[in-house]
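Each structure below is given as structure tokens.
Two complexes are shown next, each including subunit A; its partner changes from subunit B in the first to subunit C in the second.
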Partner chain A sequence: MRTNIEARIRELIGRVAKLDVSQLQSDDDLVERLGVDSLQGLQILAGVEKQFDVRLPDDELIKMRTIGRIADAVHKLRSASKDVSQSVHHEGHEAHEEITGRAL
Partner chain B sequence: MRIGLIAMSGVRVRNEELARLGLTLPQFVSRGKVIASLPSLGLLTVAGLTPPGHEVVYREVAELKPDLALEPFDLVGISSFTAQIDEAYALADRYRAAGVPVVLGGLHVSLMPDEAAQHADSIVLYGAEGVWPQVVTDAEAGRLRPRYEGLRARVFDDAYYAQPRFDLLAGRPYNRITVQTSRGCPLNCEFCAASVRITSSYQQKPIERVVREIQIARETTRQPFFELADDNTFVNKKWGKALVRAIAPLDIRWFTETDISIADDAELLELVAESGCRQVLIGLESPDVGALDGMDPRNWKKARAPRYLEAIDRIQSRGVSVNGCFILGLDSHTPDVFETVRDFVRESGLLEVQITVQTPFPGTPLYRRLQREGRLLQDRFWDRCTLFDVTYQPKHMSVADLEAGMRWLFSEIYNEQEFLRRKRQYMEIAKACMN
Partner chain C sequence: MTPHLSTIVDVARFGAERFPDRVALEATSGGGSLTYSQLWDRVQQAANALRLRGLDRSSRVLLTAPAAPDWLVAFFSILHADLVVVPIPDAIGPPLVAAVAAHTGARLCIVGPQQTALRRVLGSVTCVTVGELSEAGGPGNQAGGLGEQSALRTDELAILAFTSGSTARPRAVEISHANVLSNLRALLAARQSREPETVLSMLPPAHLYELVVGQLAPLVIGGRVVYAGALLPNRLLNAIRDHGITRALTVPALLDALCREMLAALVDRGIVRPACLESSAVGIAMKLAQHSTEERERIRRAVRMQIGETFRAVGLGGASIGPGWPDVLALVGIGLDVGYGLTEAGPLVTLGLAPDCPPGSVGRALPGITIRIGQRGEVLVRSEGTMRGYWGDLGATAAALEDGWLHTGDRGMLDAAGHLYILGRLKEAMVTAAGDTLHPEEIEPYYSSRCFAEHCIVPMRGPDGNDLPALVIVPYAAETSDDEIEREFAELRAAAPPRYRVATMVRRNAPLPRTLLGKLKRRELGQTLEFNRDPRLAVI
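Let's look at the complex of A and B:
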């Protein structure tokens, strides 16, 4: 899953910054090494949020300087959201049991 | 001859509190740094106009060491804006005392010729086009005239045009290179001290020349970021579309200054975005419509102001950010203006903001009006024409109110939290526009 996220981010960066996807490394600094400007950086992060349906923490936007770091953040957010959704589902199940007195 | 062309580059702020504040305000500092590190396109053009057979040396004033002996030249040309003019005069005086003839030119010199003439063997008014080759010939023959008048119109005609010497910038660490595509501006705002004051009409450079200049500048400097050094690039939408279509294949990123009417033309906006434009700087001046009354002779900006928010949104939704510029201390401004600007900035989603104080540059209609009304604080205040120092009596507040209000607004707008908020707003706009 993490690998897939990184591949999709790489494609997005290649498209926004007009870079050769095959040349992009996980730990390349987007600004220093790849020459991504600040506006492209925001467009990339907006694209990431849209594509993965996540919201990157505002105070961490400035730290999202490598593909790997962005992928980690997305992976973490998606895992957390999955845990929450499973936990909500589980809690809902228990509550339902209490109300109905039987397992679903 | 060995000709030294010296650029009085850099940004100056005299107000100590503001200068101190600037050190801690990231966005305020960043645009200042960009401006401070731009090469002098005027002098590169002068270099291009220099007849063959002379060695031309380009220097930034920061490269000159005041304690060391003067670099040897046979002729020195200095160009300066108003805030640095006294430093330029001092340098000119040093060279003249050493027996080196000095020619002064540029905007301030064109607007204050009698003052400038006291520090030069010769002054050049308006553009250097049409006159610089003669200046060089006369200097070589030892018969410089005290005053030359360059062109105010037709500056891009074949007979007068010369390609700027971008090769003189090779090896220097500029973060962007300037190329001019037009000169003048039809709006003629009262405060403007830019090229409109030295031109008789709005002029556009032939597009093939702009393309060639970018290609040459890119080859010699390896810099992919360009600033179109215009005062209002997209006055003529048809020409603007042809321009951006021509520069799109050059694979550059660029910035320019234009007016809010760029938002009216969806096709132009699309082309601008596709050609690599990263940001347009637009003089919004004031969110308060009444404050714009009389700012330009046709009240063009006043008519546009009610649709500012919609226009900013339209531009930014194409992937081009807007740097919105506001002037504090306009005649209808009361101490409420600071909060009004802050609230407008928050609502607008502007990615970047430039706040300056109204400045009566000598030679402008604003200067003449404030002088007539007895509101200038000093007779001569050129070193305070920094855009951050108050030099006149505001109409509806005290000087201290304006200074304090500006400091407050700076701290409200240029802080890390607001910077992040603007980034977030921009990302939301970008997301909303994605398929």
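Let's look at the complex of A and C:
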């Protein structure tokens, strides 16, 4: 799951910044290694937010200079939202039990 | 009617009297909002706190806090406490901030809550946040010698604004209250409508253009400023819709990102073909022009669904823009206003309102401003907005201000109707051994290539002391071989007119250096080439 996230981010970077990312390692700095400028960086992060339907935390944006860090942030956000939806689901079950006296 | 404003502080004061309950400032990412009366209360509190520190009148106070409602609170309160504000973009880094503190003799810096590194570096300069000031300042109606009426005069120094200008060394421009207010009056007189606007603020408020046009101008007529936060293009378009934005100021690179984001959404919805995204702005405009009226209307409606119906104007400053995006924006019903100015002019000189401004022009002089073309085609400006001079640099001041005319250092021409066209920087003019005067902007179009992410022409000092134009390129991919770059250069050179055939090409594997508004630092780059003995192909 996490490697899949990295692969999709890698492809996105290649597309948005028009760069050859085949040799890019997970912890290569995008600015130093690929010469990504600040505006391209913003476009990459925008692409990540749209593709994964997440909102990256503002105070961590400046640290997101490697594929690895971006993937970590996405993974964390998606796991967190899965936890929320699972707990809502669980609470829903409990509520149902209370009301009907029966487990679903 | 706009009340008579005597100082910049009056913008906040009269706003609180005339529209107390209207929202003045807002942040997109949950940073809260301030009504005009809340803003004025906070300004008074912070100004009280500043006065309690016992600084001498007109002492300089640095302002490095990030763009947010608190920035304007800090800005107004510094002025309200009879102090001079030195706004610094938070991106420039602690060592430069320390240099500015030393140059201006500042003893106090208003920082953002996250700027802990600055506190360490600035040492003897006290750092304080707006929050801390507000706490120390007590309730806004504190009386007893700390009353709000200061005897600020309109011609007093208000702001030390930094400009990189055309030289590598930044200068501090002395801007008075009267300078800013005359700019505001001229801008409001030039615009037809007095309808309050909701303006999205994306550029650093430390830049006079953003401060005067993007923040103070809306507040004078009871509008609203919405701070964008992180400039991710997807978030910006959402903010435009969600906050009812009517206008935004941008620079060319940001406008490009926003327009491409709009297009990407159209591609995602299958309304426009993906191939569109590969084109230049001109290519995209041409493709759209070939669509039928119905198809264009479909595109317009789709874009409006994304950005809402309120957005109607983009203000462009910082550098000129070619054709393409203005036509695309017009299709959606968004006008692109262009302008020309410089920090030294306070900062506005011309305004070109869509759709009447001829392509390539930066518009006509604002009311009350006179332009003439001087020697060597230099644009000269006479305006009440013009600076008093450069802080601590009489020589530079004397060179820039002559007989009440500001020497802009730009080359330009005026047409019969008074439209100004900017042709280039005088100082970037290169005089070759043959006695030719060449400008980078006339040579650069001949060296565009798909291999180059960026390129520019810079003046390099030749062995005989004359200027030699050199081409600096940034390859799209760091792995591109030198041979490939050399071949591409040779082809481009051969295809260029003899006059524009450049002898030297230099490869650079990092983005070109630019000012915070996106202008190329050609001279600075050219100077780094002086020390290359015989570059046929060098790497910097």
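Definition applied: the second predicted complex is superposed on the first by the 104 of 104 C-alpha atoms of A that agree within 3 Å, B and C clash if a C-alpha of one lies under 4 Å from a C-alpha of the other, contacts with A are read in each partner's own complex, and residues count from 1 in each chain.
The working rule: a residue touches a chain if its C-beta (ideal position, glycine included) is under 8 Å from a C-beta of that chain, and two chains touch if they have at least 3 such contacts.
The shown structure was predicted, so the numbers you read here are calculated from the model rather than taken from an experiment.
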Putting subunit B and subunit C onto subunit A via the overlay, clash or fit?
-> clash
Considering only touches as defined above, state whether A:Arg33 meets subunit B (first), subunit C (second), both or neither.
-> second
Now for A:Leu19: first (subunit B), second (subunit C), both, or neither, which partner does it touch?
-> second
Who does A:Leu61 touch here: subunit B (first), subunit C (second), both, or neither?
-> both
For subunit A, what residues appear in both contact lists, the one with subunit B and the one with subunit C?
-> 18, 35, 37, 39, 42-43, 45-46, 49-50, 58-59, 61
Once bound in the complex, which stretches of subunit C touch subunit A?
-> 29, 114, 229-235, 253-254, 256-257, 260-261, 453, 474, 476-479, 509-511
Note which residues of subunit A are touching subunit B in the complex, please.
-> 18, 35, 37, 39-40, 42-43, 45-47, 49-50, 58-59, 61-62
Where on subunit B does subunit A make contact in their complex?
-> 224-225, 251, 253, 278-279, 319, 321, 351, 420-421, 423-424, 426-428, 430-431, 434
In the complex, the residues of subunit A that touch subunit C are 18-20, 23, 33-35, 37, 39, 42-43, 45-46, 49-50, 58-59, 61
